[in-house]
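In what comes next, chain A is part of two complexes: it sits with chain B in the first one and with chain C in the second one.
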Partner chain A sequence: MPAGRRDPAAQSARRPPPLLPLLLLCVLGAPRGGSGAHTAVISPQDPTLLIGSSLLATCSVHGDPPGTTAEGLYWTLNGRRLPPELSRVLNASTLALALANLNGSRQQSGDNLVCHARDGSILAGSCLYVGLPPEKPVNISCWSKNMKDLTCRWTPGAHGETFLHTNYSLKYKLRWYGQDNTCEEYHTVGPHSCHIPKDLALFTPYEIWVEATNRLGSARSDVLTLDILDVVTTDPPPDVHVSRVGGLEDQLSVRWVSPPALKDFLFQAKYQIRYRVEDSVDWKVVDDVSNQTSCRLAGLKPGTVYFVQVRCNPFGIYGSKKAGIWSEWSHPTAASTPRSERPGPGGGACEPRGGEPSSGPVRRELKQFLGWLKKHAYCSNLSFRLYDQWRAWMQKSHKTRNQVGRTLPDSRRGTRDRPTPALAGEREATRIESSGSGDVLWGLSREGEDPVPRNPRPI
Partner chain B sequence: MDLRAGDSWGMLACLCTVLWHLPAVPALNRTGDPGPGPSIQKTYDLTRYLEHQLRSLAGTYLNYLGPPFNEPDFNPPRLGAETLPRATVDLEVWRSLNDKLRLTQNYEAYSHLLCYLRGLNRQAATAELRRSLAHFCTSLQGLLGSIAGVMAALGYPLPQPLPGTEPTWTPGPAHSDFLQKMDDFWLLKELQTWLWRSAKDFNRLKKKMQPPAAAVTLHLGAHGF
Partner chain C sequence: MSRREGSLEDPQTDSSVSLLPHLEAKIRQTHSLAHLLTKYAEQLLQEYVQLQGDPFGLPSFSPPRLPVAGLSAPAPSHAGLPVHERLRLDAAALAALPPLLDAVCRRQAELNPRAPRLLRRLEDAARQARALGAAVEALLAALGAANRGPRAEPPAATASAASATGVFPAKVLGFRVCGLYREWLSRTEGDLGQLLPGGSA
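Right after this comes the complex of A and B.
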């Protein structure tokens, strides 16, 4: 039989015959090379080697069937025939192979080094494991969802690829209570992660580390010490609703609910909101939303669709001073601002509406005043946005005053209960009531500018 | 592993399925107990599903073993695989199997194969591969249950494993990793062949279970088809 050719009958024995009658052929065609592997042995069997090392292997034929010699034998590595200059006949029944500067294994199950008879049939095989010992795992980070469990993630050592199967084991123990535990649920949030579902103690720190082992050695990460209470995260706030604020073109109102899982625990929640225009990838973040469950976004573009997300940080659990871990962002909620009724480009977050050149220096001074107020007044809710709000209202009310029978814009504040203190000096706060909901709009008036009407037209 | 032939066979088998379904057209006036027919059909469907599942599992697994195991014409020596239940059988012998023997052979084969598959404990395999293997084992368990159901419906006893003959994947002395790879290869190969054969087995059983009138309907239906 010429080298490399296979018995056609054997081929049909391998392949499921497409027609029934061919089943008969299966009986006639005996698989080739049936007793081959019994008749040769490769040494070393399944060695483990460092990348760059050399290997000297031998294929010894046992002389069954008699007359078998090392003549005509050849090597393949991962299915590829090796150049003959790497092989050498040592004696009548042994063929040697010299490989130098080995690369990392092609697959983690080991490189397939095979010794073939002259006709191509397999006589023996050996799996070569060529790689590197594991590096110290790094960047262990853990979090507890609602204080019920602990999930940890880590990164394998700097170079990553060891070419060998590396087993990672996450271990943990309570600091003063001796016994090592091993995490059992792996790959929960990615390939290098583990989840400890229960039996977690509070108020005592845990020591956590990761051990990496492969055929060439092992490595252990640094120990991370943490207290469950310091790494608590929660689900994202549910029921996020975004809605328009009456007819205001540049504002949207966001409302959400505090995550229910932590309601029994004493903690304060911090929230963060982020929003972006539909076609953009740039998120704007609103950071200082502390413990409220609603917020008003202002300075938006009219007639635009916005996507909004909220996330929560449970800090101060059981009086801990540390911040918790931010939850995932809630599912994006979309809403659109009303279309602008005035032609021309929509304003940016802080641009003045319409052209009022005399407002330049006024705005600057107002900005400075508000900055001062924020630092010195207890009510820090006054902001430039509030001024914009008022201006928007003013412009609208100008329009309505010029038309007969139009109603005042229905404006609402996100937080209803905040009182405005009596402002010093030049400004006075004027209270305007809008009917229907009983909400209030706080406006500012200044001498020299259009006064806020004291007797608003009923809506 | 020659997966290409399986695909072309798949088309042929699909055609067979359509043809076999013709007698099941509601025009057949069957009264009373449908008999083991539906569960035979179900078993047939399961073998087709498993064959499909095995195709992708085997492809992934053989890639994990690396070349030459994943090459199309690979035919290594068959050694430890001697203990695997062989699907290949003489045509006349196969034809002449009585129902009980046919079902028993299927049941015993898959019991053994399931056992070996479970023992396929490649520590080095990726988590994903282990999951796919586990999923396949569950499906294979389902097939076993389905065959048991057919046997029960026909009144045949389930084959009981004799004590001491529990199939265990006994590695030979100093069973090397390469030999293990070859065993894995043949296990997958034999599974494929068995699933192919079982489809034919259950088709044959279904044909036998149908009342003779169905043959006429089949003829007419075939024309219409």
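Right after this comes the complex of A and C.
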């Protein structure tokens, strides 16, 4: 037997069962004098055993008249009759059973070992608990929502299944003083988790560990030491708005607000944006959005609906040097890029134009070209911003040529004169009315909603 | 004695005797409740046997029908009794069931701690038995057929010198209690049905 493990033969009735009401007494095996009925007692009663161990059990019959024989008795385990070669008659009133290499219990309430009379009636029963002692819980991880609480999660142990009910208890204490405390709200984020809702100290480390106990023993995890401020997470950024950037067909502008619960502390907060095409499951992540509340996505497909989400990492809160924990993603917000004026590949009459690159690789090449120009052609004023402004001007010029004789709505006249395409695009995107381009403008999603088109109005 | 009492005394009387509308409505309501709780009792028993493991769930499972103190199964002669007497026995059984169900629940909380649905069903069963028992007693009072003597208190849960019963007997006891719960609910539903207009004697 491995060192440190208990003798399985000594495990029966390790913990005394609770008291049952007097008037509920119903004992199988208690002899009833004068009734003429046979009863029996199985020994051991409710043993606890290690997987792979053996068991020798006996069924002793009492009966009236005395001298009731053990002949004809048989055993079942979980309803299945056991082979007769596993049994032997010890004496006139006792039938023995030898089981070897036991498997883990089929149900947590115990395997049902039953002694039957010749006619199949049940004489006595005993429940076997066959399993493993708990392993050391591992991978404890904890996080605090807005510095107000602490939730911890752990993994049971390398092999997991013990086949016995195993109780897990999360304990915590302040590192240098204080008593052990026990977490009370379990299963909050999964089967092996616990939530401490209040009375947590900041700027001082806690020690946290998990104790696992079952009928065969106990185990304790390593101690995790942490400061609440080093494991802070927060709510996702609210009020995420996604809008067009003027008429730029490959860009969208994303703006959001700092999470309100920590907004006075998020000096060094980091943000991440992810976006995907409407009918795709592949997200693209923009990773280097630090301490800003806006970002422009470029290299997008024209005339395409995008879903966008933002999350926050309250890095550096109260001077913490640790990485921080990302919030959940915000609710998806959608917007569509303007449709390209040029017919797409494979559709309609095709008039090739001088390439207005809108794809990512082309933009990268253009960027490299502009960089080369600045260096070798001494064009110091060249920049991508200038290029975007040129594209916006080109698109508007094209629309004007195609719409001779039509009067644009008043609000759009203002946008034509605006020097900053981004602001114009945002204004357009927030309006549900048609843009004059035949595109569907998606309303900005509200919390809990997936974006849906409201008023598709082709021109 | 009112005509109503006279009709209850005679089980052969046609139960189509006109009852006050509100009383008839109350009978229907109580009968519907008994019908619903009978279905719940079936589900409770199924869930119970599943969690105890075989042989409890097997069709051939037939443990000894040892008596449960304070409650017995409906006797074969039950059906031949006057309807008000049957309902009194139903009410008495429904009053005796809650502490038994509570005791089974406490034991199952140790044997099956990760079976919250079973534990919830057992708690609900105790509450529902109390509610139905009270409804039946109210009906009997309205019909003028309530017990006139002191009401026998249901047996309280007390410690037992022989309480160190094994796990298997505890499983069998719970099976027995859940079975009795289902039997008495079904019996109550049938007896209430005989009070309804058109109910056979």
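As a working rule, the second predicted complex is superposed on the first by the 295 of 459 C-alpha atoms of A that agree within 3 Å, B and C clash if a C-alpha of one lies under 4 Å from a C-alpha of the other, contacts with A are read in each partner's own complex, and residues count from 1 in each chain.
Everything that follows uses one rule, which is that contacts are C-beta pairs under 8 Å (C-beta built on N, C-alpha and C of every residue); 3 or more make two chains touch, one makes a residue touch a chain.
Quick caveat: nothing in here was measured; it's all calculated off a predicted structure.
Contact with both chain B and chain C is seen for A:N78 once the two complexes are overlaid on the shared chain. In the superposition on chain A, contact of A:Y186 is made with chain B only, not with chain C. When the shared chain is aligned, no partner comes close enough to touch A:A158: not chain B, not chain C.
Using the contact criterion defined above for the overlaid structures, shared-chain residue A:V281 touches neither chain B nor chain C, since it reaches no partner.
In the superposition on chain A, A:S109 makes contact with both chain B and chain C. Within chain A, the residues touched by chain B in the first complex and by chain C in the second are 13, 16, 18, 20-21, 23-24, 26-27, 45-46, 76, 78-80, 106-112, 114, 121-122, 124-127, 165. Those residues of chain A that touch chain C in the shared complex are 13, 16-30, 45-46, 76, 78-80, 106-114, 120-122, 124-127, 165.
Taken together, the chain A residues at the contact with chain B in this complex read 6, 10-11, 13-16, 18, 20-21, 23-24, 26-27, 31-38, 42, 45-46, 76, 78-80, 106-112, 114, 121-122, 124-127, 165, 186-187, 191.
Contacts from chain B toward chain A in the complex involve residues 2, 5-6, 8-9, 12, 63-69, 71, 73, 75-79, 88-92, 94, 122-127, 174, 176-179, 181-182, 189, 192-193, 196, 200. On the chain C side of its complex with chain A, the touching residues are 51-56, 58, 60-64, 66-70, 99-100, 103, 106-107, 110-114, 155-173, 176-177.
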